[in-house]
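Presented below is the structure to which this report refers.
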Amino acid sequence: MIEPSLVYKALAYSSNIALMAAGITMIYMSTETFNFAHASKVSWGMYFVYTFYNFFGGHPYIYVPVAAILTGLIGVAMYLTFNRYLLKRGAGMITLMMSTLGADLILLALLNILADYLSRVHKLYSRQIRMEIYDFTVAGIPFSTLIALIIVVTLTASIHLFLTKTKFGIAMRATIENPNLAGILGINPELVYLTSWFIGGALAGLGGALLVFIMAGYPVIGQYLIVTMFAGSIVGGLYSIYGSLLGGFLVGLSEYLGIWWLSTLFGGKMLAYRQVIPLVAMVVALLFFPQGLGGIKWGKVAKVVRGERS
Amino acid sequence: MIELGQLYILIRYILIDFAISMIVTLSLNFELGIAAIAQFGRVLAVEIGAYVAGGLTGRILAYTIPELRQYSGAEYSNHLINFKLVDTINRTLLEHNALLSIGILILTLALAAIIGGIVGWLTSYPAIRLKEAYLGITLLAFGDVVMLIAQNYDPIVGATQGVSVPDPFRWARPYSFEAALIIALILAGLTFIFFEMLVRSPFGRALKAMRDDEVAAKVYGKDIVKLRTYALIIGSAFAAMAGAYYTMYIGSCKAFTYTRLTWTFWPWAFMMLGGTGNNVGIAVGVLIFVIVRTIIINYKTYLEPFVPFDPIWLEPMFVGVVIILLSVFRPQGLIPEKPAFTIKKRRIRSIIEIMRKQAS
Amino acid sequence: MESKLIAGVIIALIIGIIIGYGGAMVAAPGAQTVTTTVTTGAATVTTTVTAPGAGGPGLTGEVTIGALLTLTGDLASYGENSKVAIEYAEQEVNQWLSSIGAGWSLKVRIEDTATDPKTAADKIRILHAAGIKIVVGPMTSAEVSEIKSYADTNQILVVSQSSTSPALSIPDDFIFRFCPDDTIQGPAAARILFDLGVRYVIPVWRGDTWGDGVEEETAKAFRELLQKEGVEGDWHEGIRYAPGAKEFSVEVAQLNDYVTDWISKYGADKVGIYYVGFDEASIFAGEATKYDALKQVVWVGSDGTAGVTTLVEQADAAAFSWEVKWLHPIFAPTENPKYFKLRDHVMNVLGREPDAYAYAAYDAVWVIAISLNMVQDYDPVKVKAVLPQVVKTYMGASGYFELNENGDRAYSDYTIMIVRKTDGEYKWDVAGVWRYTTDTIEWAEWFKAYLP
Amino acid sequence: MQPKGTVGRSEYILETKNLVKRFGGLVAVNNVNIKIKRQTVTMLMGPNGAGKTTFVNTCTGVLKPDGGRVIFDGKDITGWPPHKIYASGFVRTFQIPEPFKSLTVLENILVAMKNPGESPLRAPWKRSWVKHEEENLKRAFSILMRVGLDKYWDWEAYKLGGGQLKMLEVARALAVGAKLIALDEPIGGVDPVYANDILSYVRRLKDDLKLTFLLIEHRIDIALPFADYVYVMDRGKVIAEGTPDEVANNPKVIEIYIG
């Protein structure tokens, strides 16, 4: 039988992975950049909450939005310092990807420096930060699960409203779909790219800041999670924010429930293979549905299913 | 005053690091720089090679010794047996037999190349179907999955405990390190020459044509599927050899030593620094990185008292900054690719001269 | 043009290295010393050993040895403890050397291995290149086995303070280990479980070199114990989690299933959990508080969790530890004045109590220094020859000990640690000691009240 | 599935039967039947968007046809991959030049030719292919001299100007030694004098080397005199065919070109 606490954790984890995956997709859709630095941004999200809480007190949850904004600004900084030039030059996908790896290494180094500083100067136990102790329950449900779910739902709704109802949102969609058209319509594509880097970065930080309330953070946790985030984004089809939210959610959930199921079937030794699940999910998704969830022709699937049954 | 002995040890270290990294980076360059395959899973072939050296050679040797034959199956990689078993193999079989040792070395490299090639061939399945970034992420996932399995399933290479690797350099004691170094340099040199020959052949030219313009290459008779597959097989075979060699020289094989950072991203950085598509550039890039890394590790002790953090973090920072600066300001690398002719340029000129005279 | 520029850069880099290596190392002639008397703190040691060969040329100036510590990565807190202990030992050794007018001083060059075997392999080469031929550390068995081949080939003397894998018990190599290996920890943990009435054990362990090793040894020892005592019992196949995991809801839920199942079969008093992990234990404990079944059974940990800061600092984990009376055996440095001196020093610097391996690291520096002073030559082969003798007569922070034929600490008692609640505060305390020679446990007076 | 066997040798080197290519709802090539006689210059003309390039793409395997057959030299090549179509002796050029940018001009020609050294097993053994390569080199250079690119033989292709790239495109196709060469607007953007040179060179080659050409053009004023037979396409369909004179006087053709 599956315990409720496991279900809560699984839901919170999957929602946060969904946020991070949406961030990857956001940046990829607008600038064709596969962002490796997402890994360290997630870790930074965690450490922002931890550091601010230790320095300024209060309840750690109040620093979640701060963390999101700051990681969003890291995204902006990445766009302004190098991504913009690479896009202007028309650099290939691989160069774009590699440059973000460079940024990831820098962010990782800085984060480790912060962790060293916190432990050496402030004597904090900074290499394993655990904020779960500050989590609380609302109506029997952990707040970490509630808030993550609420954010995913509101995000889905607000992205939809933003992209269809606001002027800038429509402009943004136009630019992403056709940059040349955007120029004709009088939209500044750079502003659009900048915004998506900000939102993408903020989503990474938000995911990280919320994740630290369900799992312990350490400086390289982002590198540990990045494959899961990529998996979510790719399963989602890379060209749809909703797809990535759904994909991230499914991959996160499959990691939890899949490993639960495997360990029930084959014993507790399977648990060490946990990380393999999102990887396999992604490879399978890519090889069989190269277009991701967003690209599957559901009508056809339904036909096949019906055909098999008859 | 410079202590010559220490400098010698340091240079020895730099050179062997250089040789192994160069083989890996050359193979990466062949796949990415020449054949334009988004190889973000270089570690896959490297680790396969390492597991061949760690898991297969020793078993073969154990099988040949009647008293040890019972351990040549799954038990071989049990660490309680393995460490002593390999020690026995080293002492009784390899220590006094230079010829056998070299034979084992060559056999291991050959096996690694063959199995690495097979792995390359298997990865061609997604490589033909997926585009750039998708392919990159898929190959990255393959590398991680194989590492995770080897790390948890002990009949391969003893899972987390790892295995000892038969030492093919022991006969040269006390100069075994020198032996390992010289062979590594020879191997790196041969790899360099081999890839240069490929690049300067109609085959290499066809790969470059595919890289430059896939549709035109198809129309001009290039079978893209085959070319990609060949490039993956050749590249992976060499990367596997490098992995096997590294494992033999370290003397121990542990699944989790083969991380994507060390064996995929680092070679990428070397390649970007030196110049994608250019083998000479690769050699320069690897050399600079290896030297700079060594300097950072060595000077860090001088910096330690002045900063409230471990100066070791300057190393990833340095690599990160280099990658970004290169991709913005010098995407072609320090030594950009130059046209590589199949026939020596002088010979082409003389043929041309004759033709021009005939025409006029 | 370009290639000239690049050639210039490379040459500049090489020159940089050469200059960087300018100021190091010593080797000068001197006389042979065979008898050494060491007086530090409260302990006095007199050692007489005949140094091999004709004796060294004598030591002068600054002699550098290396230390490979896990200052970052999973075992960072252990590395920090060892670092402080080693620096303290270095300071003391130098006081001693100047007090006896030895004419040389000791310097320890500390390098971080990031708890990563490959980095350790890189670092020992760097140290070797700097002329260092004697090294304290590396700390984990994974790292030690990675550097072993290089150390043996190049004759670098390695003294690890905390590598406990039985696989590395190999005679006549260049590796010494100042801690007992897990073949000794196994029986200790098995005895604790057995004496607490546990017959059915469910292990939970970290799936890395160390965790796999400890679990294997304890399982073996426990099965042997059951057979010897002739009682029914079992060792579950258990739960093996990924070393990078920082969230354990699935693992704990699964564990709860196993425990519930066995409680219904055998009764809660006969079921126990054997946990092998590092500081992630606090996360595990935090998750475990959500399950009632897990609070009904005995919990025994290992040296990896003994004295871990997070288990007392994090409220939920600490409360859980105390509620289940979670016991953690760790190799016991015999308490002596030197032990307390070092403990106080580490408490001062880091604000926490050092782990047992820090004492071993401290002793490693001292033993190396004494041996060096004895052979008066920076020669690992000579130091290796006298080192076991020196150990026998040396009274260290971890007590008296001997090395076995494999160059490992021959045996040791195990302290059983526990998170204890006193006056509303959680602190590490000692619940008892397991005696190697008799395989019995002497429980602390205060703890007897909690025994079943 | 159709067997890939021989259909039988005929006087036509290329024959399409009801060839169809759709893009979503748009029918770019609509039941096109074209026959090309051996050793002729057949011209396919029509305004922009008539479906000429799509037709060539479909014939040469760059695009997969949605219906109909393509018979080349007696073989049904419908749906073959491009490299097999190349091997059977049918090449084409691109309207917008697609040179191999980082290769030199000379190599751009050489790469289009067959060489045993393209097998990875033979590639490292220079001796096994160098003779062949030198033969290719001579042939390639003579073509470069003909099209006036010989001065630039060791330039990387990306350094060439637009007109030169156009020539390189033609030269590359000529080098192959194919039976049929489809030239997709070889004189687009080239000045009339040079364009005449190119086309007369093409005609000479046809006779000298017994080649067949499919010439795709919309500039009828220059190209028409060089053709033996002409097809006219509009909106995916063949609307007229005949000798250049017949076509030039066909009212439908006049309508689409003038009206």
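Here are a few things to note about the model shown:
All chains are identified by letter, namely A, B, C and D, in their written order; residue positions are counted from 1 within each chain.
Just so it is clear, contacts are C-beta pairs under 8 Å (C-beta built on N, C-alpha and C of every residue); 3 or more make two chains touch, one makes a residue touch a chain.
Because the structure is predicted, anything quoted here is derived from the model rather than measured.
Nearest to the overall CA centre, using the mean of each chain's CA atoms, is chain B.
Distance from subunit D peaks, on a Cα-centroid basis, for C. If you average the Cα atoms of subunit B and of subunit C, the two centres end up 35 Å apart.
Put simply, the C-alpha centre of subunit A and that of subunit B have 33 angstrom between them.
With centres taken as mean Cα positions, subunit D sits 75 Å from subunit C. Centre-to-centre separation of subunit B and subunit D, using mean CA positions: 43 Å.
Contact of a single residue of subunit A with at least two other chains is seen at positions 112, 116, 269, 272-273, 275. Counting only residues that touch two or more partner chains, subunit D has none.
Taken residue by residue, subunit B touches two or more other chains at 152, 310, whereas all remaining positions touch fewer. Of all possible chain pairs, those that touch are A-B, A-C, B-C, B-D.
Those residues of subunit B lying in contact with subunit D across their complex are 194, 197-198, 201-206, 208-209, 211-213, 215-224, 230, 234, 277, 337, 339, 341-343, 345, 348, 351-352, 355-356, 359. Chain contact summary for the complex, subunit D toward subunit B: residues 60-62, 81-83, 86-87, 91-92, 94, 98-104, 106-107, 110-112, 114-120, 122-124, 126, 129-130, 133-134, 137-138, 141-142, 145, 150, 153-154, 156, 172, 176. Across the complex, subunit A is touched by residues 72, 76-77, 80, 204, 207, 237-242, 244-247, 249-251, 253-258, 279-280, 282-283, 286-287, 290-291, 309-310, 313-316, 350-351 of subunit C.
Touching subunit B in their complex are the following residues of subunit C: 2-3, 6, 9-10, 13-14, 16-18, 20-22, 24-25, 71-72, 109, 111-112, 114, 117-118, 121-123, 125-126, 128-131, 142, 145-146, 148-150, 153-154, 165-168, 170, 207-209, 211-213, 240, 243. Here subunit A touches subunit B in the complex through residues 28, 34, 81-82, 85-86, 89, 91-95, 97-99, 101-106, 108-110, 112-113, 116-117, 120-121, 223, 227, 230-231, 234, 238, 269, 272-273, 275-276, 279-280, 282-283, 286-287, 290, going by the rule given at the top.
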